[in-house]
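Look at the two complexes coming up: chain A is in both, with chain B in one and chain C in the other.
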Partner chain A sequence: MSEKLKPAKLLVIASKAGRVTKRYPYDEPLLSPDFRGKITIDENLCIGCGACVNACPPNALQLMKDKDTVVLRYFVGRCIFCWRCVDVCPVGAIKGLREFELATNDISDLYVHVVHKKAKCEKCEGEGATQRMLYYVVQKSPIVEEYLNECPDCRRKSFIDSVVKRRTGGVSE
Partner chain B sequence: MSKLLKKSLWVFHLNTGSCNACDIEILDVLTPYHDAERFGVKLVTSPRHADVILLTGPITIEALPKVVNAIEAAPRPRVVIALGSCGVGGGIWHDTYSTIGGVRGLQKILEERGVVVDAFYYVPGCPIRPEALLYAVAVFKGLVPKKVKSEIKHAE
Partner chain C sequence: MSESSLILKKYMDLANVFNASVTVDGDTIHILAKPEYLPKIADKLFNEFKCVHRTCVATDERPLNGFFSLTHLFTDDSHGFYISLKTYLDGENPKAPSIISVVPAADWCEMEARDLVGVEFEGRESYRLVLPPGWPADAHPLRKDFQYDKRPNILPVGEKVSTNEEASTIPVGPYHPALHEPEYFELYVEGERIVDVKYRGFHVHRGIEKLGESRMTYQQVNFLAERICGICGFEHSTCYALAVEKAAKLDVPERAQYIRSIILEIERLHSHLLWLGVAFHLVGYDAGFMHMWRIREKIMYLSEYLTGSRKTYGINLVGGVRKDINEEKKSKVLETLSTLEKEFKEIVEVAVSVPQVKRRLTGTGVLPKEDAVKLAVEGPVARASGIDRDARRDLPYAAYKHVSFKVPVYTEGDNLARALVRIDEVFESISMIRQLLDQIPKGPIRLEEFEIPPGRIGVQVVEAPRGGDVHFVITGEGKPYRWRVRAPTYNNIPALRVMLRDQPMADAPLTIASIDPCFSCTDRVVVIGKDGVIKKLSLTGGVML
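Then we have the complex of A and B:
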């Protein structure tokens, strides 16, 4: 190899070897079929239960609770693409994509918000689960409880009241 | 996309406590297979020669003064490209005691110190694919359109 090659010889070798460089931004990327990219949340299926939030290792998925909304926020910039959320989602609302071209000049491009409405308590108009989650529970168990429209605090209160009534021998309605 | 990035980018690779996966991918971009020198990207060994600082890792508190020094040493207009999940949002380490949680924590500190950075760019991925970095360079030069968009979905 120490001898110096002449340009003509070099050209012959180069033409035999061919060209290895991929013309990537104008061409197809080299993706394997099991590559994991960013996720997408289907807003027509999501019930806002927060199972994905518990499973997410870097807290890229977060639930933010407001007075009458629950917002599921997905920050792509922190996601490690482990797809645990895809595995744990009870309704299959989260799907994994093979998308990796996420470069941006504005960090607000990397946020996805899913806004849920909160179910209102009949008694105190307090906090509760999302409306979608109540529908999901009713669908899963056909017995409709009478306290379904109440918030957890009111349920606890009414349960204690009924127990006290039973203890003291009162007639529960 | 940007007037700052129209000419050849000379990049300085700054590891601020990353796991080396992003660093390996950066080196992969410079191989003949994905030839980043098509776009004029060249790795330089000193921030004084660099236009762009490629920042990987969640910026540990131990590395923070050196990071500020390195960014201050780059001539203006200086651009910082945050790479990987750690660089953009802190990644797995976004709320640990020994890191400042990515480039957004760094922005505040640089403002306090009076170090001006003309533009910040973000390339998420864990680790970034070599193609993702090539795509980022092409987006910043305005060769291909930007794909990500912020979305607000309403579940009725």
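Then we have the complex of A and C:
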């Protein structure tokens, strides 16, 4: 008899468990303290180095370059919320949020753009890294000042020139 | 002579007979043989030494040495060895002898190698398995000269839906009625009895291997690997990371291995609870389904608490993990586990004793042991058919050598046995997480600096909730040169033909669900006109299981 009545024990379990569904928009959502949501980029800290772009698995972060500017673009639609960018950012400009309600009817809400000025080369008008990154590098390890305002190509050239000068004693043929 | 050197000698002798060279690298035995000896060596390994055929890998090695290569991966589970049986094929016209006459389990992976790399197999019937029927016959996407973003001109072709004229056809698909996953089965029925089954899959083949080989770095592939499966994603990323670590001979911190094992077991818990819920729903016992998923929610919260996300945890990297488990989290896990164990026990006892549930599960979808061995099925499907095999015990990885656990084995091979295996495994997993948390050592959780030399090979099997995942990695410059993934369902689907035959039609959805399938794909429709006539969409033949 008891074996046959066993299925009815579910009634006891159900009344003990009660109602478990969250009345979500009215109640607090069921979120753990460590939940990974979307990220935010601090425009004042970002140096445009592209470390986050290299680490991002789904290409949600992209560097777009044109003549004078470098734009770091974050597209929430591609983001997988892994927070690798938070791990690798050298200046702590990227922070993770617990935000997860990302639906919108305006697609521009899904993009974040951080615009950087490119450092101009003194000699050839060519391009180098962003200005902020140059300052960052100088702060971290002071380098020879005279090359600072040059693009990588010109820097290489002037280095070779200085070696040649030293060899020939400053006298060219 | 020790036991393992005796085993090694056995394999060396085998290789010597067929003039093949042998190298032993850690737990992997690499046998390099001439193509013509492949079936004979495979026959010995599979039928005499009782090795398990896991999968085969075709690689385009022309940029390296001008040849194609074909590698059959076996595991010797009773002694804990991986065996890779490799052969080089002609770079112009790759041809290899088929081994399916001696190893029936190799059927699908050979056809996949033919589709994706263009290796022709001699001595068997060939059909198209993975590529869409509209692709030209000479397009082989895993060749290195094929760009990853290239799309060939697609020829509009159809596929003949039904091939069986005598019996009525019942399509199950394009979505499974309960699993909400794309698949397409064609059941041929006479009255209420199924006489034969056809399966057509791979319609949404995502090209993940090509993507990982072409444009991602070693660390990025972890996150891609996690997205192979929505349920056992962490197993895939762990398997990939372990394979690369094995290839590069990295010494990963113990604490990272413990954390990996804990998260792997948490994933097994959630997967088994999900499956039990689905099974109850399929037999019409929705109350059991609701309560099973109610207690599953606790596990989902726990995994979010430990890793930061409910699924796709994203904490695996080559060389370690990204998130630590501190004392506060530890006590929370133990607390949740004890309530879970109590509640699960209560509900399962009630649900399995419901007479209707019991009757529907008992004696349906039987998979006899000899078929299970022949088709090399994986996981709970194998263990329910009397095969005592579990990669966690036989080929220990991560921190599994530090814990003791039982591997549940049932011999009936029916749906009830498969359910009972999973129920037992839930209790084992709970006890394993407790042991792991108790023993977890202190120290760093990941390697900071390491190098991955190119040209190394790593093979790894990780026991996912539904069976062994196999990842095979050849390292390259900054990214894997070749990355082969095999999910357990790949080997389990062919067993459905045996399980469904001569069974009542009504049990088919449950039996299909009983392998806990993860169809990565399928889309197919049967269009029925107003007059009730089925319009047949014609495509070149599907796969007879």
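Here, the second predicted complex is superposed on the first by the 147 of 173 C-alpha atoms of A that agree within 3 Å, B and C clash if a C-alpha of one lies under 4 Å from a C-alpha of the other, contacts with A are read in each partner's own complex, and residues count from 1 in each chain.
Just so we're on the same page, contacts are C-beta pairs under 8 Å (C-beta built on N, C-alpha and C of every residue); 3 or more make two chains touch, one makes a residue touch a chain.
Please read all numbers here as calculations on a predicted model, not as lab measurements.
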| item | value |
| --- | --- |
| Which of chain B and chain C A:159 touches, first, second, both or neither | neither |
| Partner chain in contact with A:14 - chain B first, chain C second, else both or neither | second |
| Dominant contact partner of chain A by residue count, chain C or chain B | B |
| Which of chain B and chain C A:135 touches, first, second, both or neither | neither |
| Touching partner for A:33 - first (chain B), second (chain C), both, neither | second |
| Contacts of A:100 with chain B and chain C, given as first, second, both or neither | first |
| Partner chain(s) touched by A:80 [first = chain B, second = chain C, both, neither] | both |
| Partner chain(s) touched by A:116 [first = chain B, second = chain C, both, neither] | first |
| Overlap of the chain B and chain C footprints on chain A, listed as residue numbers | 20, 30, 57-58, 80-81 |
| Interface residues, chain C side, partner chain A - complex | 216-217, 219-220, 222-224, 227, 287-288, 291, 294, 297, 301, 304-309, 312, 314, 322-323, 343, 346-347, 349-351, 353-355 |
| Contact set on chain A toward chain B in their complex | 20-22, 24-26, 29-30, 41, 43-44, 46, 48, 57-60, 75-81, 99-105, 107-117, 130, 132 |
| Sites on chain A touched by chain C in the complex | 3, 6-7, 9-10, 13-14, 17, 20, 30-36, 54-58, 80-84, 87 |
| List of chain B residues in touch with chain A within their complex | 1-2, 32-35, 38, 85, 88-92, 94-95, 102, 104, 119-126, 128-129, 131-132, 134-136, 138-140, 143-144, 146-156 |
